[in-house]
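Next come two complexes built around chain A: one with chain B, the other with chain C.
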Partner chain A sequence: MAEHTLDFKEQFEIPSGMKKWSLALIIIGILAFIIGLFTKGMGTNEEKAVFLGTLMYNTIFWTLVCNASMFFICATTLAMGGWQMTFRRVAEAISTLVPIFGIITLVILFYVIATGNHEIYHWLDSKQVAADEVLKGKSGFLNVKFFVIWSILAVGFWSLLGWRMRKISSQADAEPMDFNTGSAYLWKNTVTASLFIVWFALTIGSTLPWLWLMSLDAHWYSTMYSWYVFASSFVAGVALITLWVIYLKNKGYLEYTNQEHLHDLGKFIFAFSIFWTYLWFSQYMLIWYSNQPEETIYFKGRVQGPYKGIFFLNIIINFVCPLLILMKRSSKRNYTLMTFMAVLILFGHWIDFYQMVMPSVAKDHVTLSWFDFGILALFVGLMIHFVGRALASKPLIAKYNPFLKESIVHHT
Partner chain B sequence: MAKKKFVVGCFDNEEVLFPAVKKVRTAGYKIRDVYTPFPVHGLDHALGLRETSLHTAGFIYGITGTATALGGISWILTYDWPLNIGGKPHFALPAWIPITFELTVLFAAVGMVYTFCYLCQLAPFVKKHHFHPRATDDLFVMVIECTDKTNVEDLKGFLSSNGAIEVNEQIAEEGWWWGRYDKDDEKTLEKEIVAA
Partner chain C sequence: MHLKYESQLREPLVNGRKTYHDVTEEIIRPIEAKPGKLWYVGFYIAVALLLFGVYSVYRDVTYGIGQWNLNKTVGWGWDITNFVWWVGIGHAGTLISAILLLFRQGWRTGVNRAAEAMTIFAVMCAGQFPIFHMGRVWLAFFIMPYPNTRGPVWVNFNSPLLWDVFAISTYFTVSVLFWYSGLIPDMATVRDRAKTKLRKLLYGIAAFGWTGSTKHWQRIESLSLVLAGLATPLVLSVHTIVSTDFATSVIPGWHTTIFPPYFVAGAVFSGFAMTQSLLLVVRKVYHLEDYITIGHIEAMNKIIVLTGSIVGVAYLTELFMGWYSQSKYEGYTFWYSRANLFSPYGWSYWGMMTCNVLTPQIFWLRKARRNLFITFFISVLVNVGMWFERFVIIVTSIYRDYLPSSWSVYYSPTIWEIGFYLGTFGLFFTCFFLFSKYAPVIAVHEIKYVLKTTGESYKNEMGALEREPVEEFAHEYAH
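Right, the complex of A and B next:
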């Protein structure tokens, strides 16, 4: 390596257009929030529930999507993957949002808990729980104390371990590594990444979707649910990484990232779209087949009720489109098509989170309105703003990472 | 069974092989194939091979499997012999999806395996000439077809000057045959090994 010098633009400078757009989106979002607060948030219990539910699915969606970036980093680290090194800093930059969005999520969830809003979380009503055998049986898990402590621990450890992964990554900027420092560096990476993965499995892989999302239908349960939420957030997370990679390439950065890397990201999106469908369908089919009233109640409003259109839109965007469009090799290597698919997948899984939450909160009619898109604009604006800042704060490529060469010569 | 004359050049390094392939092709020689001990990325492009259509065949087999499953099950369960199973509708699509999926995979997988064997001319007892035994170990073996006009000595010199560590000329069966190597190989091959 000594005789090769790497030639690339190290420093990302935030373009003025990006600043303007992110600010505009944040302002639109804040306006939507304020108008929503006065038109919905102050109204009847039902209106309040719609207001809070909308905030909930947006915050949870964006927290989990950004956390999926750190999962991507840790999973590839543990697999001793090298191909992602030329754009790994992009995923790192997205993962810096976990503490920010995590705290917003906690504030909203704890507000729901503190006000005892049993329109949203039925199990908050202690009188109902005492009279209900099913809820009484679940109360060892579904109670305020466990909810609060576990949520804080989850967001805390994601942020802490993510911060540590990013700090280790910065050490590869300073000076070349010989064999011994290189292996010590990889070992440090491996240890932190495995801790993150274990914690990820204990939270997103199992308990957290039960607490945050599944308990909206307090009587209902599904063992597929957490994996389904994970698959949804992970495929959207890879789509978000892809979008940022393509954006940076368009601006003339990331010289060493090319179609080969894009192809692999496309494979991830394709494969995890299929995986998501597999879980989505397994959950649906078993409940449809056994036809138990306490289980089918979840799909009653979604498949046969007012949310029918959104339910089928969900499966078309998130399964049929990626299956047919991303199947061909040439489409995974096409920047325009991949941009389109990444946006479509992100939107599709946002809709997926919408239909996880809102049919349980507002059973009678579809609530999708200007307010949902306003809050979405707020989060997109915040995401662009903070990811841009995080990208600008570090070199775009960790020059002395032992795996960098493998990524530069990567060939799919 | 048609025998042909080939000139074989062996390389021990990928990085020497690529420029050599390029030069041999621009010089106008026809490369029959390059046998390598492992898949070499980009060699197919260097050789100017077209993309395989195996995946298109796979897609067609898959679609055939989907159609067979959905057509078969729906004909049986809605028309030929409708049964009431657990009060479900006769056209119970969700329940059929697993079988549909499995038949799709089965058709695609089995179809592609046989297509692959056909394209590569692989079958039990089918034998083909090996140009160099070390092609499965550590040598990259480039095989060039000779015509009447090919000047073999020139070509050998050309290969050596481009980094081939071993060059020879072989008259060998170009297709495949039924049989056994230990008995038949000598019959189908007149070796004329000339050290480089």
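Right, the complex of A and C next:
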């Protein structure tokens, strides 16, 4: 054994079971995609819109959820957090998916744009826009050029800054740091993390959800919208980190990560589920209370129309369940229960993204079918495959990170 | 499992190689000594302001609020602006005690006591405005829902103004309990050191018979945890509900869904600015530089730049939606009444933008965060800016309503409106001066609790742990 090797399993090796599973999911997903393409994608305009809409909410959901990992890293870096160091590489591995899912998102969105699919984005129909004062007025923001450029920039900078954060992280594998090198290392992290956070605020915290999602209902607007999207993707992102941490723990890795860290991840899931609910409630209540038709139109189809069931399911999974189940200290320290909750929250916010997109695309009936789950399988398969590869590409712990020891003695 | 360790990269939270005894001595001493001249000067100014405020309010009650310059469309002016401003300031204390406790931010121990006291006084000031705005203040008890003989005169549960009553009174109650339960062990310390009988008696009463037994400590620990749990949602709820005072309406500039979280961020922002202004003075006057260190100030400045930027994103979001909505009324409010510098109140919008969004950005620089002069200057600017924010929201949305014939003349306050505001400053500072004279401004027992992890001398001893290879360290910890 080389001298620098630790006496615990710090190097992840992709187990054959995982390879098989991810491959199986990807194959199922591709089959679903192909069948969907021929049954829906070639059908009527409405069927086509459902086909594309389903791809859209899946890919946007997974891109934002994976990007939430990088947000988690940068936020904890700026807050000088120490507790997350024993499992930070897990979040890093998840964030490697941002460029991959980001490009898939761009391809799908640009396909929608290029084909001028106004079943999805009404503002793409130049005739309608010319006849509609409101849409005409918005065309300074809702136009193809801006959409394309801004989307590329968004994904590009998330990927670039994320790559830089991971690169800096690798430097902590090399040699011990003293006070000075440690401070310099911290400083380097801080600079990149600040840039990421600012870019994050300018994209996910504001403009991008308006562009990608809110403009599906081109007339409708809500100032809360982007923060709501952020909350939804962030809590799901923490659930994904938790799931991977538990998986690795189960396989005998991450020796220094223990119940204390799990407990804190549980608190994060609990707290941000409540935060999501807070934003959900604030947006819904204010629109309900003032009862103006141009605003209530968004919820009309969702609460009173065919999507009623999905609407309430969303709140039950994402609010009631974490509230009742994660309130207790013991449940946040229980690996089985936390696994269940992480899966539930991920599913719940996938449903949340579903209900952000599909009721605007297919107004008269719920579209949830084998196709949605097939595409979900594709993304889960890709996620498992690429996160596994990223985890195996470096040690699971940045051995010389100046805060690693704090994370080892961490207790809640 | 009892390895006390913290990275050397974190600066100590208690400077100057203190022992437990030093901590007690240095924090309690100002209570036992006669206050200095400056204290008296400040105290008398505060009392004078308070008296002027009392007189202004006396006139309000006697002659009615017609002596304010509120008019046909500007039905809320300085009064509600001041109310929201003070409530916002009253957010930092409970955020520090509850939310930062949950986030395990060690630096909160140096500043929580003073910030909590400030919170309570600020909420007291805030409450005055809506109460006296009622006009017939002797009927204020009507806001309490209870079985009565007034027939149809009954509170309106649909009104956010009533939600305010519940939210703020709950918040006030929990904040007082939280603050006071933390004070009990320190009051006992003062009692045990008392030289005179009267002092012993009074602090004895204040300490509720605290003996420092394990059982007492155990109980106070569980009590703080329960109160922290209760206080956390309250930090969010109060300003959320204050925001719904505006956002549930259909007034352009008020009705916007981002209001609740953006108000909360703004409240934390202004609360920290006020904490910063006060503590910079307190640490100097009472020589507490070792306890309220530059590190503490830097941490608070980070919160200021964070919340200031969140508020900034919210301002820009609103401005954007003012255009994006393509609603003429929204557009008029945001782009004419506010963002146009040459509109009647344009100055207040740009004052707000400058003080709240632009200037705090200087705190991205570490040097600025650690500079006392800049910190003080910016903290005052933020307080001014946050006052502007409420003024902008309230007045620019209502001075021109849908019907041009009812557009009001330029609203500016009378001396009695200003007097009421100054009076709340008097109340706030009178309370704060008394607090800083009679109670420890820093939580002595909490400082002692963190001393062995973050005290300077103890940190130096941890140097050996820092150099240990990680495997050895983990091994030692596990056994």
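Everything that follows uses one rule, which is that the second predicted complex is superposed on the first by the 405 of 412 C-alpha atoms of A that agree within 3 Å, B and C clash if a C-alpha of one lies under 4 Å from a C-alpha of the other, contacts with A are read in each partner's own complex, and residues count from 1 in each chain.
FYI, contacts are C-beta pairs under 8 Å (C-beta built on N, C-alpha and C of every residue); 3 or more make two chains touch, one makes a residue touch a chain.
The model shown is predicted, which means the values in this text are computed figures rather than measured ones.
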Judging by the criteria at the top, classify the pair chain B and chain C on chain A as clash or fit.
clash
First (chain B), second (chain C), both or neither touched by A:38:
neither
With the two structures laid over each other on chain A, which partner does A:408 touch: chain B (first), chain C (second), both, or neither?
second
Under the stated touch criterion, which partner chain does A:289 make contact with: chain B (first), chain C (second), both, or neither?
both
Does chain B (first) or chain C (second) touch A:182, or do both, or does neither?
second
For chain A, which side has the bigger count of touched residues, chain B or chain C?
C
First (chain B), second (chain C), both or neither: which does A:221 touch?
second
Clash list for chain C against chain B, restricted to 206-214, 260-268 or 422-430, contains only 206-214
Let me check the overlay on chain A: which residues of chain A are in contact with chain B and also with chain C?
285, 289, 411
Mind listing the chain C positions that touch chain A in their complex?
1, 3, 5-10, 102-104, 233, 236, 240, 244, 247-250, 255-261, 302, 309, 313-314, 316-318, 320-321, 323-327, 364, 465-466, 469-471, 473-474, 477
Residue ranges of chain B touching chain A (in the complex, touch as defined)
41-42, 55, 59, 86-88, 94-95, 97-98
Residues of chain A that touch chain C when the two form their complex
6-7, 78-80, 82-83, 133-134, 137-138, 141, 176, 179, 182-183, 186, 194, 201, 205-206, 210, 221-227, 255-256, 267, 271, 274, 278-279, 282-283, 285-287, 289-290, 292, 294, 399-400, 402-406, 408-409, 411-412
Residues on chain A engaged by chain B in the complex (per definition of touch)
281, 284-285, 288-289, 291, 327, 329, 411
